[in-house]
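The two complexes that follow have chain A in common; it is paired with chain B in the first and with chain C in the second.
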Partner chain A sequence: MRTREVPTPSDTGFGATETFRRLIGRPGAGIFLFLVCFLPILSLFAPQMLQEGNLAGILNQMVFILIPTLGMTIVIISGGIDLSVGSVIGLSGGVAAFLLTVGVPMPVAILLAIISGAMIGAINGLVITRLKVPDFVATLAMMGVARGILYVWTNGIPFRDYMGDAYYIIGGLRMIVGKLTLPVFVALALLLILTFLLRRTHLGAHFRATGSNAEAAKLSGIRPDRIKMLAYIASGALAAVTGVMLAGRLTTVHPAMGSGYELETIAAAVMGGAALSGGRGSFWGALVGALTLTVIQNAINILNIESTWENVIIGSIILFAVLIDRAAMALSRGGSRRNASN
Partner chain B sequence: MASKINLRSILRIEGATVFFALALLVVFSSIFAPSFLTTENLSNVLVQSVFVVILGIGITYVLISGGIDLSVGSVMGVAAAICVFCLNAGAPLPFALLAGLATGAAAGLFNAYFIVVLGFADFIATLGTLSLMRGVVELMTANSRLNSQDPGFMTLAAGSVGGAPLAVIIALIVALVAGVILARTTMGRAVYGVGLNPKSSFLAGVLVRRVRFSVFLVSGICAGLAGILLASRLSSVHPAMGTGYELTAIAAAALGGASLAGGRGSVLGTALGALFLAVLQNTLSLMSVNAFWFQIITGVIIVFAVLLDGGIRRFLNQRSMV
Partner chain C sequence: MNARSSRDDDARPYLVEVRNVTKRFPGVVALGNASLAIRPGEVHALLGENGAGKSTLIKLLSGVYKPDAGTILVNGEPRNISSPREAQGLGITTIYQEHTLAADLSPIENIFLGRELRAGRSGSILVNRSAMRARAQELWAQFGGDRRDLSRPVAELGGLKQRLIEIIKALAFEATLVIMDEPTAQLPDDERDTLLSHIRAMRDRGVAVLLVTHRLDELAGTVDRVTVFRDGQWIDTIPMAETNVDAIIRKMVGRDVGSMAAAAARSLSQSLPETAPEVLSVTGLSRRGVLNNVSLTLRAGEILGIGGLAGSGRTELARAIIGADPIDAGEIWANGRTISPASPAEAVRAGIFMVPEERKVLGIVAGLDVARNITISAPGKIASSTFVQRRRERSVAANYVDELRIKTRGPAEHIENLSGGNQQKVLFARALFSDPNIIIVDEPTQGIDVGAKTEVYRLIRNFVAKGRSVIVISSELPELLGLSDRVMVMREGRKAGELSVPIGAAADPAQMAEMQRQVMALATGGNVGK
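Here is the complex of A and B:
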């Protein structure tokens, strides 16, 4: 388990090497270094890669993976997995679009869509904690159910004609500050709030404790079931936020909207250093993971690589990223054995 | 008293829960979907279920050993693509089939290398392979669909031996061999041991790494075989072939009593689970229920099956303690 490292007196003042070791042991640090080296090398082949417009474009696109990845990270830290994310994105986007077409005011429509996502998360949590169905099976079933509901509801016909002026801004189709769009700021706000909660409140410790060892967490007064419920509700709500914005970005909600997001978000979370065994993970790591995936997709576009290569490249990078993360961890452990007991 | 003991001993048989569920479903289907009980429809359902049965058997090995394999759907696609590619290049049928199986085996070894040797989490390693192999299928089918009208190849899925579809016979043989290995051999029991407790299995002399290596190999080969059969049935390979099959196969195994925590599961249970899903889909389409309902109903049924299984196990444990 990784807890926040509290420097003991003997640890301080070790100079650059020790600081480097500690930094590189952080979740996602390895892949971050990879990204930092990878971008300039790519820009040698595609100079437009590092231009302001493209970098802003990467950010604008990245947040649609980042926001559900934040939810996935919470779930993974608390020792679970959520395969229903993609279906929740589609269903909540559908709820928002439907309510708008029948004339519900936008704030209400968006709120109800997010609540619907949170409720799906709550159902996941209840099935997992109360009925003791394994996370994987429960959320796999929910993935099918939520997607099925969207198909049955729409009869396979996409929602259209719900876009108002404000929705163009919410969907990130209009830039609001410089070349950045609203979703970027939503993601930034969520990232800061969640980081604060995870690092500075008891809640973060409770998530990690539940994920590392639910039994021990229980004995120390934490209610693991409640924490798990909270994690799935958060994941559902964050997926719904993504769904609402994606509905704006795509201007139609196809019933297949969001499928595949579950695997992409898991990949991003893990590239950011989250461990599927629970207890370990960070939101900044999630940011690095989402950024890496988006940069790769962007590079494939810019370098005019045939899109058929995309899956091969992304698959290789996922495997490669985990290798790098392991190497970084090993490096950080190498000279600081005495920290191991912390 | 005697009847209670009988109930207990029946419930103890592996796959009993899913068998009763399947029996109930068949009764329901025969009543509400009149054309269900025709020979043609039944043989159609059996052939339709073959792919998930074979995939599920491989997945069952992996699940019992405490792992997971998400790559099987993509591996199916790659094996099929390689097999049809060899046929189109003029290779003799046996060679093409072997090449397809070898592709599956290679993908299994690839997974096993990352998981056992490099120590990756199996979820991530096989997720990477899923993406990688899907990409390979897309590359291979980018310019044209891979079609094969080779009569020998078509026979695999369309042919029949003594009235029984050949594909079903192949699946039966695979299930028999895999089931006997799992239930009756040292290697098979070692798979359960590794899933229940790798440390004590190691102390008991089980070569844990070798067992974990072999289950992914088995899963790869099964995926290869399922891919070849599916290509034979479709007589072509399209870029998305096999997509989503991994989740159906895992669902079939879970229905059949396999636990994602490892240590539990059986070939018979998984095969019945796969059959259950196939009958369900068939019934819904015969009753002309909107196909979109299938996903919802499957999801709900999977959760119920896992709950029922858990309830029965608790019931059995309670009884045996008394």
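Here is the complex of A and C:
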């Protein structure tokens, strides 16, 4: 969604260096290069990583992080942060599961679950824009409230017995094309639709302007509050889509379902070059971030590294990824950055 | 020089006219009965000292403020401009001093932000990127820009290009009047000349420009007419061809400058002894792009004023002296030894304390009470071993409250509840509490009322009466000249010159006016030697 695209024919005349500079400056480019170099090295130690089955497995697993990361990326680009993502995943999964157990038709159950996620996003947006509560605090509170509701509602006992045949497909437990599952195609569709919306309509520039300089956005006739509302609604709805599918993948909805996703999605978005200061980030970066995170988890499994080390390794790599991204950006701006921003 | 005579288009109606407009803020009349008339396609300069009402007038024209009384006419029709959007609809676009571009967006996105060109029929949700690119390239080419600049983030472009992008943003929507608030501030000389030539080119294409500037040396050759404001009042509008910088400065400064200076002035008896030792000596202080080889000396019991325009390096000089910013070259000698403070805390230990400008941002610690705000820089003096002693802190603070006549219900009052003037006194108490022998005050009376100003002057006087020294940075010339023994003027990071203020000068309006004129001339680079 950045405008620093590969030059179109009308832009011919940029040298190879210039093209490289533009590409390397795109969000997530640094971590992408890292991944490309890292994967072959890793496969020397664990050849089974590159087997078709494992690669498909990585994809099938990755999309559960990717979808909420798309929402998180929109929020971060527009200058916010959404800590309620994990709780929305849990609660919307609960809504879908509950409705199915009481006999509501599946399409309706799924639609209502997604609407519930969008509504939670709308409440986040209202609290932030109307009541002027800082994004971090508002969504932290929502994280607690939504999670708490799920605990009260389930009374601590997971929802179960809602899995029909179709739900095995939705949850990605059955492969539909080759070794790939439905969630992979859902994620791909969402990625394409969102990219189209942000690149081909005014929305992309408005999200980034809001996050980059809300005052400038306002003076240009944009309503930053509306844009932020939209971002949180999108984040809530995308988390809910994830929740519906995760309910299928796990076959029961435990009241703790989805906890921890908020931090993983933030990590993936940031690894993909989203700047927490707002204004910068991309969906393709989100894809690279989610992929990197999943590949690392996969490698840790395959290499039989003690799971106690997992957090240490992932944490270090997140830090490393952000430093790489910053270095890539500096490299990109290199000569052209003169007298830069004040 | 442009062949256009200033008189030949008098018959044309005014593009924008401000008639007898008044704007009040609590406690201040920012504009009183002010007028301004701009012709189509002229470069009109709006001039005046700080507080003359220029910014207020700009904000009225761009729909940020509404006038309390008076009319604004656009193309001869009275208009109610109630939002920036509406002003833009009338063809008036304002380029503010603070950049109003989104740094992460490309120039193209910035130019069309909120007004994207649509693909196909109007009402389409899709934007027409190639049309926007083409239109931006066309305009950018007129300014001689490289089209590669158009697709990288604005943050990567330099100051001049950012200004030009803002101009294009205005032109893309058929602005007939572009208001520019100090567009050349912070631009190096060559880029400034380029920008001015673009402004002239805009005029030649029929766009009017209202230029607010402090740099009077850029008027000749660019500006068609000049309007001078002083203290919120219209003073004069003159064709540039019929005047000169010297005359303009006189109009900006006015004659009635005695009262402020007198309030700030020392009494005749307190002259500085010839033998007073030097307490501070700065030589060759440089910081790349900010300060260029600046030297100064300060003697015991002396008040040194530092004048100059905003952005001329006054504050930066002070910050370099106290170690708040790193320096590239230079020596600082204070109280008998060479110092190289790496932080303000070290400067405090060397006996130098700075009271910063922008009280609310850099000075007071909101959320704490008066007492803690006073003692915060030197907690050691009220602590027993490690812990701050609350009771001792309160009693120390109570002494300062009495001594400096700080109006507060007591040391436990929250600092936010105090008026600006009293907050300033608390900051002064904080400085005194560290027991320095040099205090640097930056814009000490910014935004406080006249009574409180007099009190602040008294504090500064009392401090030097004990043989200690003060450096005063101020944009208010009467204050600067009234307080100081000597005034050093900064321009573009260099020392532009120095004046010594004779005893009793403050009481002589003619002498004050002349000295103000000299300071302004040094600060603006205006050629007024005679």
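Here, the second predicted complex is superposed on the first by the 321 of 342 C-alpha atoms of A that agree within 3 Å, B and C clash if a C-alpha of one lies under 4 Å from a C-alpha of the other, contacts with A are read in each partner's own complex, and residues count from 1 in each chain.
Convention: a contact is a pair of C-beta atoms (placed from the backbone, for glycine too) under 8 Å apart; a residue touches a chain by one contact, two chains touch by 3 or more.
Nothing here was measured: the structure is a model prediction, and the numbers come from that model.
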{"item": "Touched partner set for A:A16, first chain B, second chain C, both or neither", "value": "neither"}
{"item": "Partner chain(s) touched by A:V102 [first = chain B, second = chain C, both, neither]", "value": "neither"}
{"item": "Contacts of A:G221 with chain B and chain C, given as first, second, both or neither", "value": "second"}
{"item": "Touched partner set for A:K132, first chain B, second chain C, both or neither", "value": "first"}
{"item": "First (chain B), second (chain C), both or neither touched by A:L44", "value": "neither"}
{"item": "Which superposed partner A:A209 touches (first chain B, second chain C, both, neither)", "value": "second"}
{"item": "First, second, both or neither for A:V145, with chain B first and chain C second", "value": "first"}
{"item": "Chain A positions touched by chain B in one structure and by chain C in the second", "value": "275"}
{"item": "Residue ranges of chain C in contact with chain A within the complex", "value": "84-85, 88, 99-106, 108-110, 112-116, 125-127, 129-130, 133, 147-148, 151-159, 186"}
{"item": "Contact footprint of chain A on chain B as seen in their complex", "value": "68, 114, 118-121, 123-125, 127-136, 138-139, 142, 247, 250-251, 254, 259-261, 290, 292-300, 302-303, 306-307, 310"}
{"item": "Contacting residues of chain A [partner chain B, same complex]", "value": "81, 127, 131-134, 136-138, 140-145, 147-149, 151-152, 155-156, 263, 266-267, 270, 275-277, 306, 308-316, 318-319, 322-323, 326"}
{"item": "List of chain A residues in touch with chain C within their complex", "value": "3-5, 10-11, 14, 18, 22, 25, 200-202, 205-206, 208-209, 211-213, 215-217, 219-222, 275, 278-280, 333, 336-342"}
